[in-house]
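Presented sequentially are two complexes of subunit A, the first with subunit B as partner and the second with subunit C.
Moving on, here comes the complex of A and B:
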């Protein structure tokens, strides 16, 4: 019983222990706020990447692409694990608009309905929302060949990060120019450059800066013609796959990989089979790892920094416990003389450390939760009053400050705080356990 | 003397004080490293802009001719050391089977360009940019940036120089998008007609500037030959940018003013019309201002966050000194009974706190310096030992982590640490000062 009563008494009566609780609470508060925001940003970025590519991608890094994809797409669609499939052409090109605007673009040839089903593409379309069948028909003249540009090429953002859309799709014409490549990867003769004028039919938003600034979507057949991938053995560069409900990307990707291995073996005798040598099957995380890894590293670096900062909290707990043990030698001596073992004394101070950690973590997490609930309102107020934003929304593709409480993050921080307290209290607790009653209860000390 | 003696004794005997020194040093080092990394990154951003663009840019929305005259007028000014005209366009580079890259094409005047731009490293570098020149009847020569021919290693972030050298002498094909010959004299410029050009050139050298995006997709070609390829009917060369290096004695604001007036007069002489006003005359550093401003903001927020957490250090120092004061009651009593005033007692502990702050701050600065100066070695070691590449140029633009110590911030952080230590020790010092000898020295 005394193992419960004494820690509570120490916590209430020894005001110095409240300092340890406060230090823990402050560290937990800051860590919970910063890591929740960071975790939210990373999670949001990952989700955007996931939506952008679907669950799994069968792709080749070569711009030449690979052939014989039609039958493989049919086989994929027949799989119970697969919900949707989209074959895509990817290449580089140039766009020019009059003599003022020109630039390099990533050309993506798609079937809009299929691509909308396999990825999150449909959700980012503005003027043809819910009507992907007519995506490449410009509203001002449906007979013109249409194209969809990444939104950052067409519209500007305001201070709040909202795009300033025109009421109708702007009447812009773009000359899209590509290198047509033969199946062997050679250029189809110097000067053989494909070029065609397309008219803006819509804009696409993915929330990924490079995509929204560099991508132009064309009808797949048009892209294949421009890139020299049409003809008898049509070629593509990637197949995006979405799995059915309940199928994890890892499981589904494994099945698709098996199917692709069999398919490739069956086609090994075909004239363009060599193009399949560079094809890989990846789940979305692996496919986009170059983009995602940076954010994950920054999150890791932030955690490491907070671990370093947390060392101070461990020191505070150590000093507070050292003081308490120094002042409570008589209590310890009496307890031991009444039969309490060294382990009991350790349990007593260990429990006290847990209590300090628990109270500090609870207070810090509560404060963090309340702060996160109001963080966007606070930022709005700061923006209105002082023109301060945490991120300039016209520069960064970030909406609200992430504030959703992630139980795993909060739990990890809380548990870390308790362990930090136990660690900080370890040495004083050990010293307390080693005290001998005869030394602590000597009359000349009274 | 007594104060110094006691301070040094407490510092040596009370080992718990080392904890506060360690915590303080750790906090100071952390803040200095964060501040130095951010400041170094900002400085690198600004310097790299100057390295690849020059000090000042004149960026016109349309291409213009007779730029030689503008260059002459600019170079006649005391404020300008050198100036060069640049033509910019986008293109697709075919390097081999299936290997097509989107590139940024720079049409340059090699000799002048060399006077304005400072490339940190060129792989061969023997002939400098002048080696771009070739006889008019031979194949055009061009430079490509290193990222066009080889990717940096995912783990080490190093380019494959052997592969880059293999590209030397390679004949590659380039196509550019529509371009229209500028006819700034004509009132009616007629309908815009797209134009396209495809041609070959030989890779004469591979350039590395140390700026990832510049190194990723740049192609340099002689301005005169590029213009002729793009528009064989054009009489001369045409550009849309002039890059300027200011003389060492130039005063930035007045230099910009003078350059603007030279540009105004030149624009009027070739009838550029409203494009004169639409032209930006801006320093390379100002071009980065918005981005740099955001980085500074992130740095400020990070410093505030860590600063708040470091309030814990004050609490730690308070705890330690409170404990020392409680344990040294008899010492205090003796000092007071020997005639020491309350102020003298408080001064002992305040001095002790300041010494702790000073030692902690000095150690922190040293630690911060060692970490910052060796950060690239540490990063390389982490990559080698754990296979974890913390820094990559594709993500952070530069190949090396900026490792310059920000001494200004270090000084400020160090002083703040001493102040924090003094604040932490204030209450225990006051408690010590209020101690009455009769209470602590009585023997029952």
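Moving on, here comes the complex of A and C:
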């Protein structure tokens, strides 16, 4: 019974125990807040990348592209695992707007309805939201050839990160210029460029900085013509695939890869078969790894930093416990002289450590949860009152500070805290408990 | 009243302490045997090894050499669990410096040996009896109105009385007391000695360390520790 009463008394009567609880609570609080925010940022970034490309991409890095895709698209659509497919042209070009603006763009030729089904493209459209069929019809004159620019090329953000849209799509015309390549990869002819004027019909938002200020979407047939990929054996650069509910990107991708291997074998005799050699099938993570990897590296670095902070915390908790147990060595001697075993003593102080860890972890997690719940309100308030923003929303594609609690992360933090306490308490306890009672009583302090 | 059966015996006991480079030989071949129902006083100058000897008798420390036999069994041969039971039930120890648990009140301190001897469930099932016993003991040492006080609220004499009550909690066969009156004024000391006298009259075997000749008069028998050895000394018969 003393194994239950005594730890409770230590906790309540000793100010240093309350300090230990505070130390644990503070570390748990900081870890839970920072890891939640970091986890949220990385998760959000991955989700945006996932939405941007769909579940799986069949693509070639070559600007020449690959042919014979129509039949493959049909075969894909017939697969039970596949929900939507979008064949896409990707190339590079220049745009000029009168004599004032010019720059490089990534040209993306799409069928808007199909692309909207295969990826999260539809959700980022502003003026034609819910009506992708007429995406390339400018509001001011539906008969003009339309184009959709990445939003950052067209509109600015205010301090709160909201885009300052014009009420109607602005009447902008862009000359888009491209160097058409033959199927052999050569320029169509020396000095040959193809150029066409398109009119802004909408803007597209993906939340990815490199996309939103570099992309221009055109109707696929227009893009094919512009890039020299039209004609008899039409070419494209990528096929985006979305899988049915319940199919993971990894297993779906595996199926698509099998299908592609067969398809390619069957076509090996065709005249443009060699273009299929550079085509790879990858899931969205692999396809976007160049941009995700950086973020993941940051997350890993963050976790390593936190492990270091965690080690420091464990050490602090250890020191606090060492002090507490050292003060209580006399009690260990008394208990042992009355016949308590070393194991009893370990259980007593282990129980005390668990109690401190549990209280500290609970307080820290509760504090973290409450803080995260209010973090955005707090940031808004700081912004209003002191003009302070954690992230400048006019620069970063972040809406709210992530605050979704991840139970597994919270659980891991709480359990680590309790283990840190146990570790801190049991080492000095073990040192004291293995001595003979009288040694402990006389030593008084380790 | 004194039955002749030996309860505990030491044979050729050696104990030394290493302090830095010097070795202090405290006990050098001490012999002693205690009979049931006896009140034995151990006398000796300060630093002669009285506490050391008592700790060895109570199984709180191990000798370097020689044997401590409880009912003819060497404590050295005890398994760990048996030794713990020996410390918990067989002996009651009153320390020279009380050694109470600061977080516990008087009643809880007295109950401690009973709690140590039982698992939580066993304790919850049968706690009323030890509680009654604790209250009796607290009354016996005259602390009934201090039962809920913490040790820091008590005087030295009162703490010593708590320590005595605690030592008696599990009805030990052998009560070992290390200068229970050493830090007390003579009036308080006398009241505590009375308790021991009463206990002994009721059949309790007591070994008490003291360097007060006057106290030794009350004992059935006295030994003096000189040069690490025990020297028997006849004293006045108990009344």
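Quick note on the criterion: the second predicted complex is superposed on the first by the 429 of 446 C-alpha atoms of A that agree within 3 Å, B and C clash if a C-alpha of one lies under 4 Å from a C-alpha of the other, contacts with A are read in each partner's own complex, and residues count from 1 in each chain.
Keep this in mind: a contact is a pair of C-beta atoms (placed from the backbone, for glycine too) under 8 Å apart; a residue touches a chain by one contact, two chains touch by 3 or more.
All figures in this text were calculated on a predicted structure; none of them were measured in a lab.
**Student:** Looking at the overlay, what does A:436 touch: subunit B (first), subunit C (second), both, or neither?
**Tutor:** A:436 contacts subunit C only, not subunit B.
**Student:** Contacts for A:129 in the overlay, against subunit B (first) and subunit C (second): which applies, first, second, both or neither?
**Tutor:** neither
**Student:** Is A:103 touching anything from subunit B or subunit C once the two structures are fitted on A? First, second, both or neither.
**Tutor:** Touch status of A:103: first partner only.
**Student:** After the superposition on A, what does A:177 contact: first (subunit B), second (subunit C), both or neither?
**Tutor:** A:177: touches subunit B, not subunit C.
**Student:** Answer with first, second, both or neither: which of subunit B and subunit C does A:301 touch in the superposed model?
**Tutor:** First partner only.
**Student:** Touch test for A:26: subunit B only (first), subunit C only (second), both, or neither?
**Tutor:** The first partner, subunit B, only.
**Student:** Specify the partner with more touching residues on subunit A, choosing between subunit B and subunit C.
**Tutor:** Per-residue touch count on subunit A favours B.
**Student:** Which residues would you name on subunit A as touching subunit B in one complex and subunit C in the other?
**Tutor:** none
**Student:** Could you pull out which subunit A residues touch subunit C in their complex?
**Tutor:** 1-6, 9-10, 13, 330-331, 333-341, 344, 436-439, 441
**Student:** If we count contacts the way the header does, which residues on subunit B are in touch with subunit A in the complex?
**Tutor:** 16, 19-20, 22-23, 26-27, 30, 34, 61-62, 89-92, 94, 96-104, 173, 175-180, 182, 192, 194, 196, 198-200, 217, 290-291, 294, 297, 301, 305-306, 308-313, 315-316, 318-320, 322-323, 326-327, 388, 390, 392, 394-395
**Student:** Across the complex, what residues on subunit A touch subunit B?
**Tutor:** 16, 19, 22-23, 26-27, 30, 34, 62-64, 91-96, 98-100, 102-106, 175, 177-179, 181, 184-187, 190-191, 193, 195, 197, 290, 294, 297, 301, 305-306, 308-309, 311-313, 315-316, 318-320, 322-323, 326, 390-392, 395-396
**Student:** Can you tell me which positions in subunit C touch subunit A when the two form their complex?
**Tutor:** These residues of subunit C touch subunit A: 55, 58, 60-62, 80-81, 84-89, 93, 95, 99-101, 103-104, 108, 112-113, 115-118, 120, 123-124, 127.
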